[in-house]
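Take a look at the structures below.
You will see subunit A twice below: alongside subunit B first, and alongside subunit C after that.
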Partner chain A sequence: MSQGLGLDKLDQRGAATEATEPPGATPAPSGSRKPGGDVRETLYFALRNPKVVIGSVVVLAFLLLGLLGPLFLKFAPMDYAGPPMAPPSADFPFGTTTFGQDVFAQFVAGLRSTFLVGLLGGGVAAVIGMAIGFVAGYRGGLIDELLNMLTNVVLVIPGFVVLIIINAYLGVRSVPMQALYIGVFSWPWVARAVRAQTLSLRSRDFIDLARLSGVGVGTILRREVAPNMYSYLFMTFVLLFGGSILTAASLDFIGLGPTNAMSLGLMMNQAVQWSALHLGLWWWFIPPGLGITLIVGSLYIMNVGLDEVFNPKLREM
Partner chain B sequence: MRGYLARKTVIYGLTFVVAVTLNWLIPRLMPGDPVQRMVARAAVQHPETIAAMTAYYEQTFGLDLPLWQQYLNYWAALFRGDLGTSVWLFPAPVAQVVLDAVPYTLGIMIPAILLSFVVGNSVGAMAARSRWLDNVALPVGYLITAMPYMWLAILLAWGFGVALGWFPVAGGYDFGMVPQWSWAFAGDLLQHWVLPFLSLFLVSLGGWAIGMRNLIIYELESDYANYLSALGAPKRLVRQYAFRNAMLPQITGLALQLGTILGGALVTEIVFAYPGLGKLVLSAIQNQDFFLLQGTLLFVVIGVLLANFVIDIVYVLVDPRTRTGLTGATA
Partner chain C sequence: MLTIEALDKVYKTGTFGTSDLHAVRQVSLDVQRGEVVSLIGESGSGKSTIGKMVLHLLDSTGGSITFDGRDVTKLGFRARRDYYRKVQGVFQDPFSSFNPIFKVDRTFETLRRSYFPRVSGAAWREKLEEALGAVSLEPGDILGKFPHQLSGGQLQRLLIARALLLDIELLVADEIISMLDASTRIDVLNLLGELKGRGLGILFVTHDLSLGNYVSDRVVILYKGRVVERGATAAVFDDPLHPYTRDLLASVPHLDRTWEEVEAEESQRSARLAGRCLYHEALAAQGRSLGDEASVGSASGPADDVGLVEHAPGHFVGCFRKAADEECPAGM
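Right after this comes the complex of A and B.
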């Protein structure tokens, strides 16, 4: 669902080596046994990895701007605040639109929707994908067969197209609803990757031991299987987060975005609609796209860094 | 091999049924009534005229039947190649409107996909394990991949179209020209094609490069690569083997990416007002022409399924494991 291929790096490896052990992301079995020391060690290497540090600083900076920015603004995003088509100035740092709306106010409000869509859309997709992947991989048999079929069907359906239909007909007009629908159609690759990993963990000794002790399937999945993939699951969520943002931006740009909120995609939609390109109002259409690019790009780069943190083999290189 | 293709066919068949059903179902869950809207658009006051028009439209679109019959009719019409009648361009059949737009979309999509796949994979293979190239190519690749399709399209249109004036920024051909078989028209067509193509090509490029780089690194760590180097095989040869193995997941990735690239093509067309399917989707949404929207999107779904099938056949050709019944990829 996401256009970022950084995402498929993990998925493709999963697809290529399904049933065998997926590389890189499978941590050492000892990982879950001493969580305290593990966290400290991870933090130690994460803070010394330039990719992780730079990536997270950029993302956090935008997050803070989105959260705190509106408190200091004089105008609401849609207010006719100043002179029309004014270039960036001290009063209007990003200039104004054809109607004299403050582009900076719109940008800051758009950042909020962007993070909300990423968080909710990515979260929904991660929960669905992991649930299906864990169950399919661990239970096997007929359940696996059925869930696999479901995964493959949703995988092949062009999700963007279904989202267009849903948004156009059902009038999805709030950011959380949009995020929910995006999440519902972007989980399949997660399910496949998680299933492949679960499959490889299932036959390990410590899982057998847990089974012998008589605890339920849910507990085994939660306490024995999942902790061994925490690093992988976290990276998956980061990629889903970025993917949801990009999908939402495309939908907003087509004009299927929220009507009661501002978003970065909607800004680009309005800029093109009111011919900002021909009028040369670059300050109207550059910030929203640049914002998305920087946020999503930083997430991807942060993920590469995290890969190195979690996987000592890559770290040494 | 037969088992592999049979499995795929079942999945695609099932997907097709699900997609068609969704396409039929979602509009019927919609609040509001398209017929009422159409009647309202005619702006007549006379109640008898309104009743007659409502009845006429309902019959034309088959909305006066019970639901199950509408569903069956939908399938029957689909197999006749009948996607309904456009409301916006009434009375043009949707199938005709869509078929007129398809060449434009395919014209930018196919070259962009193939070229970005080839170039991206080559760059990625070169960048792997080459520190200098890697340090440049990797961050650039990630940033390009993170760009929203329409933003790059907007930047290109603004830079090369408006500011420099090298290329036209709107339409599939000059508004003053009539489509015909002539050199002048072909040249004009090409000029309008460059920017949408370039934009789609560039966004897809980074992803392939990054994917290939990561896969090559992973392949170079594998046993066969170590064994080959231990035997004293030249680095070039080892990398060639790694490349061929890394190609397989990339081909699977291409199938997975089709839907996304298509979404990218749709928004790119909208930026350039390119007369393909994307513009059709936009017009359909703006004019609330749901029959056109549905027809266009159904056509897109069928296209993606067919392309997936073609990629699967290519996969069988390049991966001998699928032929001998070993499970290569279970995509």
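Right after this comes the complex of A and C.
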């Protein structure tokens, strides 16, 4: 499931570029063809790669905790549930805050919005960036120049400042909205990197051979160009995922985060705000910090492993 | 069948696309059904560029390419699909012709999905094995392998097999023999001969003169993007006129004659043609017979005149200068 996390995005991207394909270019699916032979093989190698397995297990564990955790909680994240500043105990596995709130309940809720921000923000940025990068790199010419201009304009806009203004002015207070705005401002470097890679792949003869097979632009991008970049696209997504989480945390820090939800960033920042560091309340800031680190770190390790899975040359060594 | 007229290609090079590289200049040639035409020239002379323009993979800068009377330089997606049913190519670099992360089978699968969606698995398999057999490949050794597990020659023959899966009328073969050893080379050449017998036209791109001599009915000699000489293979090889062609042929070993004989013949020819330019001589003669208004080369000036004159029936030769920007040796 954790692998689906990245690959779903790729599929979405495929669907996005499909729109540029002339009608009728998609080959009719034939019943007799055995579908996804390559996918099955990739999965086979993925499941035998320790990096991929360990990375996905950790991410999956956090995801499950975030999804299923609330079912077993006795307290809501903001409830004044117990004694203030209590260290971890049987009742409160992660202790309590200065106000006696259950840190574990906050952590579980924070995981949810953290995953949501990461997935949604990273997803939006990945889809926009990849679509623009693929089309600009493959088509070249005037289209490339126009898209490049757009990319550079968004690149020089101080995204964080704009986000502050948007959040403050429009008063956006929900996690998905925050994620969407973050995504809309963090795609330019993806577009640039994907464009550069597409540009170098475009001149390879197998692209020309696909064209000689009467295949349309969308299909070529999806079936020939993108697969060469899967691990790269996945890494891109990892970085976007982490970036969105951190941006969201920063926004939370200056009081522009969601008011109706809890996030790991918000937790850390409340901990700092209420001097948890000086008071020695380590259980207040270590879980969210460690959570973010573990999630992003595991995604990175998975990415290294996936590089080996996708690249048959590395696989044999 | 295929007619190229005054084809031009200018590449924009330099950081800001400021400088131009004139890779193909005013190239005219034609390929008929059941005929092999060799495009011979040294590295960088623009052979692959011409091939890719014929295959509609590169836009031409000027001139026309017609296939069965139809202009193919500006085809829409649909028309291009139909064009590729009849015209296929094999590229020079077999290693870059396969997507490195997929098994080689996928190249055939792409073709099938695109052109044969309704052919059953078994029928396709049979067709595929037949095509592989034609290029002397054992399907069992090849299918299911990644490109890096196969040799350049095997990949090259796979590409030929791929082109054979379609019922094509014209094949653009870019250095398709370059990676084959002697025995497979003969197999592939024989295959080309057989296809030719069935009416396939082949534009055979090569830098290897003896190969060009062996397979082709007609040859086109290309130098720095310009056609310097073209004609029936026998005519060009027995009586090379252009200095570049003569240089080229002088370096090729002949099986039927000794080195001395070849040397002697060539020095004789050089002496006869030294300081002359058959192209401008012919133009001048034409101009005299037609009167002064028709005096030739005047409009554009000799420096960018890259035309050809018919020296003997079917044997064309261009101005005797080598590079397009040099002076004509006869000073005309």
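Following the convention adopted for this analysis, the second predicted complex is superposed on the first by the 235 of 317 C-alpha atoms of A that agree within 3 Å, B and C clash if a C-alpha of one lies under 4 Å from a C-alpha of the other, contacts with A are read in each partner's own complex, and residues count from 1 in each chain.
To be clear about the criterion, a residue touches a chain if its C-beta (ideal position, glycine included) is under 8 Å from a C-beta of that chain, and two chains touch if they have at least 3 such contacts.
Note that the structure is a prediction, hence the values are computed from the model and not measured.
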Which of subunit B and subunit C A:F285 touches, first, second, both or neither: first
Touching partner for A:L146 - first (subunit B), second (subunit C), both, neither: neither
Greater subunit A contact set [subunit C / subunit B]: B
Subunit B versus subunit C as contact partner of A:F160, first or second or both or neither: first
First, second, both or neither for A:P227, with subunit B first and subunit C second: second
Touching partner for A:A210 - first (subunit B), second (subunit C), both, neither: second
Contacts of A:G265 with subunit B and subunit C, given as first, second, both or neither: first
Which superposed partner A:A61 touches (first subunit B, second subunit C, both, neither): neither
Overlap of the subunit B and subunit C footprints on subunit A, listed as residue numbers: 24, 313
Residues of subunit A defined as touching subunit B within the complex: 1-6, 8-9, 11-13, 15-16, 18-19, 23-24, 149, 152-153, 155-162, 164-166, 168-171, 189, 242, 246-247, 249-250, 253-256, 265, 268, 271-272, 277-278, 280, 282, 285-286, 288-290, 292-297, 299-301, 304, 313
Residues of subunit C defined as touching subunit A within the complex: 52, 55, 57, 77-78, 80-81, 84-85, 88-89, 91-93, 96-103, 106-107, 109-111, 113-115, 117-118, 120-121, 146, 148, 159, 162
Touch list for subunit B against partner subunit A, complex: 11-12, 14-15, 18-19, 22-23, 26-27, 29-31, 138-139, 142-143, 145-152, 154-155, 157-158, 161-163, 169, 203, 206-208, 210-211, 214-215, 218, 221, 248-250, 252-253, 256-264, 266-267, 270-271, 281-282, 285-286, 290, 293-294, 297, 300-301, 304-305, 308, 327, 329-331
Touching residues (chain side subunit A, partner subunit C) in the complex: 22, 24-25, 27-28, 30, 32-33, 38, 204-206, 208-216, 223-224, 227-228, 310-313
